[in-house]
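Paired with chain B in one complex and with chain C in the other, chain A is shared by the two complexes that follow.
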Partner chain A sequence: MTVSPVRQRQRKRKGFVERTVTGVGTAVEQTVYSETYARQDGFLQRVDPRAKLGLFALALLVVGLVHDLALLAGLWLLLLGLGLATRLPFKVIALRTLLGVPLFAGVVALPALFLIDGRPLLSIGSLGPVTLAVSDRAILSVTTFLCRVSVSVTLAALLVLTTRWADLLKALRVFRVPDLFIIILGMTYRYVFLLLRLTENLFLGRASRTVGTTSASEQRRWVGASIGTLMSRSLKLSTDVYAAMVARGFSGEVRTLTACRMRDEDWLFVSLGVVLLGLAWLVDLSR
Partner chain B sequence: MESSELVFRLEGVSYRYHGRHLALDRVDLVVEPGEQLVILGANGSGKSTLLKILDGLYRPTSGRIWAFGEEITDVADDPEGARWLHRRVGLVFQDPDVQLFSPTVYDDVAFGPLQLGWPQEQVRQYVERALRAMEVAHLADRAPYELSGGEKKRVAIATVLAMDPEVILLDEPTANLDPRTRAALVHLIQGMRELGKTVILTTHELDIVPSIATRVVVFGDQERRPVASGHPDEILRDVELLGRTNLIHEHLHWHGELAHTHPHGHEGEHLHEHR
Partner chain C sequence: MHIPDGYISPATALAFYGAVLPFWWAAAQRLKRLLSGQLVPALALFSALTFAIMMFNVPVPGGTTAHAVGGTLAAVVLGPWAAVIAVSVALIIQALFFGDGGITAIGANCFILGVALPLTGYGVYRLVSGRSDPLSRRRLLAAGMGAYIGINLAGLLVGLVLGIQPIFWSEDGRALYSPYGLREAVPALLIPHLTIAGAAEVIATVFGLAYVQRAHPELLERRAATPRAARPARRWTPVIVALLALLSPLGLLAGGSAWGEWGSGELAQRVGYVPRGLQKLESLWSAPLSGYTLPWMSPSASFAEQALAYILSAVVGIALIFAATFALRILLRPRQGQQAAAGN
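Entry: the complex of A and B
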């Protein structure tokens, strides 16, 4: 595929910071759009967020303890089925797990392939006195690690895709997270959007007034000035937000609405999940 | 009217930002219960600063101020006094993004009543009433970043209405809104009079003034204090005053071959007649 000269010039003109900001902006937009799935009427979407979060924590623990590869594969397929049953597109779940896992966990696990002792299966060469070889135990350990990460990431994807951010924050109270911390987390998420939009507009404003190329030193100066502008705007924003909180009676002590009661269906979901995870752990122990 | 019956009384109130930049200069002002007072002034004439002082967020650099007969000059440094004042006076900020800091619209509207220590059932009742009054009940579960500019303004007003204050301060409520949303908001502000609220509103948009004001106070952008006060018709007819305070300007246009100038407001209103 050929790239048009205009596109080529645009690519050249976009600096590292600009690309980063655009990338983060796109990621934030995708996060917003992912709430579309959380708003759908599906089985997991209807479950109380506290039930989902509690079970998610327990499932992470069990997945971390299980060694059996077949069991891990079974758990992953079960989660995939659960995702499809709750009206999540296969592509969305797969993208979050199958692409992310080799990229991040794979890179982390790569050195372990050469560091774990065992029966050598593949010799690559030697580095001075050290022989670089991949052992059977290394392959098993790395595969187990990658499988655990895949199942954990799928679990997290299911939780995030079927639960709205606001509900997820409220569910944190299950773990006795202080209200003040939850409010700060919510406000951070809220204003990151605003500041990102502001940053994007700063870059767009500059791009619309830039003709030709600018030197590296000019770009550095501009980035420095933009950081300063953003800093001063965020300081003003934080002062104004605090004033708006005080104007509505805030005096340092946080008061929140009590969350709703769990329904019978939510308790049933938690019970089934606990039994299933307990069974998985017992089966793993018996092997 | 007795001093104790007044909503606000200001005597020689001045305010300097960081002790240097003068924002208000010796302001004297009285606000009576049930008034719909519009404070007209160009950008930088101190309107927003005045509202923050009336809401007890800023402490005047000099001068004294009373609300409902009680002195509130130092209320910004007195949490108990501030709590008492915020129960009775609500401020809608110019930028709704400042006011909508919670994960959902419902949480935002519930924030104020919860901080006042009301029982949970009462909080829910007032929140739902405010959401209905501002016609945003369908947005209750939405996140603030998902709302349009007009929706944000409505929700910001609902956050204050839910606290059921006697006085509502609105800082440029119709700024940056499309005409339809602006008209709807003017209608909602008119409705506050029927609810028996005292409304103090700042703006530099002259065309909304006759619809919502029972009295107008004009702030001079040089003087940074009221330079005129009166009935909306009387103020809006005073072209010399409006020109001097930077609320209208001379506008040149053509009628065929004839060049013609007339006073022209900031938001497109034409205050002139062709003879």
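Entry: the complex of A and C
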């Protein structure tokens, strides 16, 4: 198949502008949706964010430590059930965990099937001097890897999808994250969308202005100029934001409202979770 | 290039959290002095900016596109410590709110992309640019070289971190985490970084800096005018510590054990008897990385594997010391009510 140089260049140009616009759009859309789910009424959404964050962090640690495949698979099923019980649409869970993980981590792990030595189970053929064979250890390794990644990603997705970011930030404070970092995280999150919007406009503007083809060096210059523009705008914005903060009485000190209270249900959730995770870990150790 | 959850063992993840905390702390201290009250909005905007730069698709020679990190560019324009915080916050937001990169791996990702990349890139930039004019072409070359070396160092580090997983964390030949050894993981990460990702990073850095030189020279001149507190002794400490950690396997070449570090068995051989108190003490504590090898590593491991075990032991040890010191610092610091953290 031959592609004329002009066509090829056209496709190239379409590539980087459209990909960036799509990327920005997806990021914003995903966050808006996850905020919508986090605002719904559901089991996990009702749990105190501190309890949820602590328990999920512990769960991530236990999932990292567990060796047993059956246990990992069991934990995964439990989490999927939890996701459905908390009224997340099946499509969202499936997209984030069932489809996304095997597609990405699966592609990453596929070559390992042929690279890990062991008792050969399945011989596929030979490529010159190298014989392609799948060994028992390779299958075990790849399955363990995929299971662990799936459980971890499901855990992270459940946390992100059921917690509003403002609550998540509040929860970080309990874990002795300095206020300074929490405020910076919060403000960054706010301005990320503004700058993403600016980026999107820069790229959309270019797409609508450009007719015909442009040279590769022009594209590079333009990308550099957009990065530079974004830089100078955000620096200017930071001065403006600071001036606005000072005008509203900001003196360099960070004050926050902490209005979270753990209810009995939250303590119950934490205790049950810790017992369950501890049991899983003990069972794993005894195997 | 972010490491997702489940790719690295909890021990690796924790060691990286321990390694990255002192850098965050040092960066916060420096920036508090430099930016004073403006610290919060400035760092928030820098972080949001880094986040946005990471979304850029950069056209790379050969027709493909790739994402840039922009760590070196941020270090050159905003300063190295601001870049450390900005890239780290951008990565944390990606992990916590966008599900991009693992939550357990935040420490590793922030250390590699948020500390090693911008600091290395900036170091190379300073080395090559010397005392040249901030608006000269030499600065562009320096930034490009810094960006290329920085991103490749990051790629190499990710390769090494993933590659040691099956060496240290395997069970009867079954890899428990990322299944690729060093022989596969390092080239798999280095080759795209030497080519596509490296090119994207260089293009974003050089063309971005060229634009800032042309359109907003005041940003670069202001940075050049900022007084720098020169403390050579302290600046070299991390380099020396890292060198010592890398040299730690030297001991493998020498026979016997270090003077005065004999176990009771060896002591009996040398002295003829073992003090009873020592025998009792010895049974109290058995170190998790006893003999600086890992309990699950076979005694017949090759020299390279033993050397790696040594380096890892050294890194884990240093990280633990850092973490413990840091924890002590936090615990012993007097609480000044709710507003403790913000500088003025």
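Going forward, the second predicted complex is superposed on the first by the 226 of 287 C-alpha atoms of A that agree within 3 Å, B and C clash if a C-alpha of one lies under 4 Å from a C-alpha of the other, contacts with A are read in each partner's own complex, and residues count from 1 in each chain.
Following the convention adopted for this analysis, contacts are C-beta pairs under 8 Å (C-beta built on N, C-alpha and C of every residue); 3 or more make two chains touch, one makes a residue touch a chain.
Only a predicted model underlies this, so the values are computations on that prediction, with no experimental measurement involved.
Student: Here chain A is shared; do chain B and chain C fit on it together or clash?
Tutor: Chain B/chain C on chain A - fit side by side.
Student: Going by the contact rule set out at the top, does A:Ala105 touch chain B (first), chain C (second), both, or neither?
Tutor: So A:Ala105 only meets chain C here.
Student: Touching A:Arg220 in the superposition: chain B (first), chain C (second), both, neither?
Tutor: second
Student: A:Ser232 contacts which: chain B (first), chain C (second), both, neither?
Tutor: Once the two structures are laid over each other on A, A:Ser232 reaches chain C alone.
Student: According to the stated criteria, A:Tyr191 is in contact with first (chain B), second (chain C), both, or neither; which is it?
Tutor: both
Student: Have a look at where A:Arg263 lands relative to chain B and chain C in the superposition and call it first, second, both or neither.
Tutor: neither
Student: For A:Trp165, decide between first (touching chain B), second (touching chain C), both and neither.
Tutor: After superposing on A, A:Trp165 lies in contact with both chain B and chain C.
Student: Chain A residues in contact: does chain B have more, or chain C?
Tutor: In the superposed model, C touches more residues of chain A.
Student: Scan A:Gly249 for contacts with chain B and chain C and give back first, second, both or neither.
Tutor: Once the two structures are laid over each other on A, A:Gly249 reaches chain B alone.
Student: Regarding the shared-chain residue A:Arg46, is it in contact with chain B (first), chain C (second), both, or neither?
Tutor: A:Arg46 sits against neither chain B nor chain C.
Student: How far apart, in Å, are the nearest Cα atoms of chain B and chain C after the overlay?
Tutor: Superposed model gives a least chain B-chain C C-alpha distance of 9 Å.
Student: Would you mind listing the overlap between the chain B footprint and the chain C footprint on chain A?
Tutor: On chain A, the overlap between the chain B and chain C contacts is residues 165, 183, 186-187, 189-191, 194, 237, 241, 245-246, 250-251, 255-256.
Student: Okay, in this complex, where on chain C does chain A touch?
Tutor: 4-7, 9-10, 13, 24, 28, 36-49, 51-53, 55-59, 61, 63-65, 70, 73, 77, 85, 89-90, 92-93, 95-99, 102-104, 166, 171-180, 184, 203-204, 206-212, 215-216, 219, 330, 338-344
Student: In their shared complex, at which residues does chain A touch chain C?
Tutor: Contacts found on chain A: 8, 11-13, 15-17, 19-20, 23-24, 27, 30-31, 34, 57, 60-61, 63-65, 67, 96, 105, 109, 111-112, 115-118, 137-138, 140-142, 144-145, 148-153, 155-157, 159-160, 165, 168, 176, 178-181, 183-192, 194-196, 198-199, 216, 219-221, 223-232, 234-235, 237-239, 241-242, 245-246, 250-256.
Student: Flag every residue of chain B that touches chain A in the complex, lowest number first.
Tutor: Going by the criterion above, the answer is residues 52, 55, 57, 79, 82-83, 86-87, 90-91, 93, 95, 97-104, 107, 110-112, 114-117, 120, 123-124, 141, 143-146, 159-160, 163.
Student: Please give the residue numbers of chain A that touch chain B in the complex, ascending.
Tutor: Touching chain B from chain A are residues 32, 35, 164-166, 169, 183, 186-187, 189-191, 193-194, 237, 240-241, 243-251, 255-258.
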